[in-house]
Amino acid sequence: MDVNWMDFIKLLISTGVCWTNFVLVDTYFGLPRRPGVSGAEVIGKTLERMGGDINGGYFMGNIVCSPDASAGTLMASIFYYLLGFKGGLIATLLIFIGNRLCNDPGYAGTLGTFSATVLIHLLSSFIEPKYFIGGMVMAIFTIQGLYHVGASKVLGYIGRKLGMI
Amino acid sequence: MKVEVDGGTVEILPLVSIFCIVMGCIGVILNTDYLDKIIMLEFLTGGLIGLIVSFYYLDVAILTSIMEPVSTVILLLGSLKYLYLKRSKKRYSSKLPILVK
Amino acid sequence: MDTLVLLIGVISFVVGLRVFLTRNRVQRLLYLCCLNFAIAALIALYIKSPMGGVAAAVYFIGSTLSSNAIAHTIGKVQRLEGRG
Amino acid sequence: MDIVVSTLYLGYFLLIFGTLGVILGPETRDPLVRFLNVEIPTIGVMLIFLAYNHTLALMTYIAINSLIVLVFIRAIIRKEELEA
């Protein structure tokens, strides 16, 4: 079996783009500052008791409990892969409906999906859209699946650095 | 999409779904707390939806995805009320010998 | 062979094993969220038509709703056990 | 192995293992634990329907199964209230 090294470079670039997009959009709309739904508060308190940062815990709880910009980035890459540019606009509508179902205002998810669509459309000349799906799964694995305490410290540091807490 | 493993073709989505179903089955039976059992049931249902999708039955998969949160919410509300009821009954029955004395 | 699908498959195997093995209830919920992302991506990569995208979106929104309900109930049970 | 044959054997495994778990699993004195174990043979029957391509039977079975939960939960809570 032959491994093409160009695939790994494209995957790493798309992972970086997706990570930066959803972390920046979610931090700008104030996810680490306060828990939006009551399930996020439980997750933040538990991660603080385990030795992490409480603002990063609120961020991770908000990702679990309502479809925010992370789900928006995944949906935008899926619908761009299947339908082209107008698929991203359909994904924006779906994320808005899902946000209203979870009792959330829904600005972060809608704007995150739209910005992800624009970024994929700008980069689509040399990275195919299917690499962004794998990149988004890699990005969510580094936050939710690898080491929770360290991830919450990193997210709290980024939020404090941007002055949004 | 297809991975060549010494001659035969194995696809990834049915493998992941079968793994989720077997692990969830063992986990539901071996855990004894209500919330752990419901989380493991969620894990099992994810595997079931993946296996239905890999047979190309998309309408059944969409129906399952809509009906599954209804069932989970009913189970959670019932288990919460059952826990509250059992706790209040235990407190009442522990207070009962004091009343008898 | 397709490297991308194989990578997502390896990630979902690792996360599924960690859901089964960990003891803390909140960490188990976080790993389950990562598994939902991986399965939605696999569904969209398996069926290359717009209906597959709709199925993945409906699955993702439904699983997020039930995760929200489970986290809310964990909070209520913790408050009930801490008080009584 | 073919996916249809492996789905059929997985359904049989779930049916047998789930029934054993309902009868002699840990802490089945509690009725809610026993009812949560009953969900496993249900999913085994769903997998057998899926392997024989019975689409309409599968659809009605899934829809009825999420509604029958309401009746069973109501019955268990009413029994616990009456025994108090």
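The chains carry the letters A, B, C and D, assigned in the order they are written, with residues numbered from 1 in each.
Going forward, a residue touches a chain if its C-beta (ideal position, glycine included) is under 8 Å from a C-beta of that chain, and two chains touch if they have at least 3 such contacts.
The structure displayed is predicted, hence computed values, not measured ones.
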Checklist entry - When every step has to jump to a touching chain, what is the lowest number of steps that links chain C to chain D? => result 2
Checklist entry - Just how far, in Å, is the C-alpha centre of chain C from the one of chain A? => result 14
Next on the checklist: I'd like to verify one number: the distance from the centre of chain B to the centre of chain D, where each centre is the average of its C-alpha atoms, in whole angstrom.
Outcome noted: 11
Checklist entry - Between chain A and chain D, what's the gap in Å when you average each chain's C-alpha atoms? => result 35
Checklist outcome for this item: For the pair chain A and chain B, the C-alpha centroid-to-centroid distance in angstrom is 26
Item to check | In chain B, residues with contacts to at least two other chains | outcome: 11, 38, 54, 68, 79
Checklist entry - Taking each residue of chain C in turn, which ones touch at least two of the other chains? => result 1, 8, 29, 38, 45, 52, 65, 67, 70, 74
Checklist entry - Classify the inter-chain contact topology: is it line, ring, star, complete, or other? => result line
Checklist outcome for this item: Full set of chain pairs in contact is A-C, B-C, B-D
Checklist entry - Across the complex, what residues on chain C touch chain A? => result 1, 3-4, 7-8, 11, 14-15, 18, 24, 26-27, 29-31, 33-34, 37-38, 40-41, 44-45, 48-50, 52-53, 56-57, 60-61, 64-65, 67-68, 70-72, 74-75, 78
Checklist outcome for this item: In the complex, the residues of chain A that touch chain C are 1, 3-4, 7-8, 11, 37-43, 46-47, 50, 60-61, 63-67, 70-71, 74-75, 78-79, 81-83, 87, 91, 94, 97-98, 101-102, 130-131, 133-134, 136-138, 140-141, 144-145, 148
Next on the checklist: For a test of understanding, state which residues of chain B touch chain C in their complex under the given definition.
Outcome noted: 1-4, 11-13, 15-16, 19-20, 23, 26-27, 35-36, 38-39, 42-43, 46, 49-50, 53-54, 56, 58, 61-62, 65-66, 68-69, 72-73, 76, 79-80, 83-84, 87, 91
Checklist outcome for this item: Note: in the complex, chain B contacts chain D through residues 11, 14, 18, 21-22, 25, 28-30, 32, 34, 37-38, 41, 44-45, 48, 51-52, 54-55, 57, 59-60, 63-64, 67-68, 70-71, 74-75, 77-79, 81-82, 85-86, 89, 92
Checklist outcome for this item: In their shared complex, chain B is touched by residues of chain C numbered 1-2, 5-6, 8-9, 12-13, 16-17, 19-20, 25, 28-29, 32, 35-36, 38-39, 42-43, 45-47, 51-52, 54-55, 58-59, 62-63, 65-67, 69-70, 73-74, 76-77, 80, 84
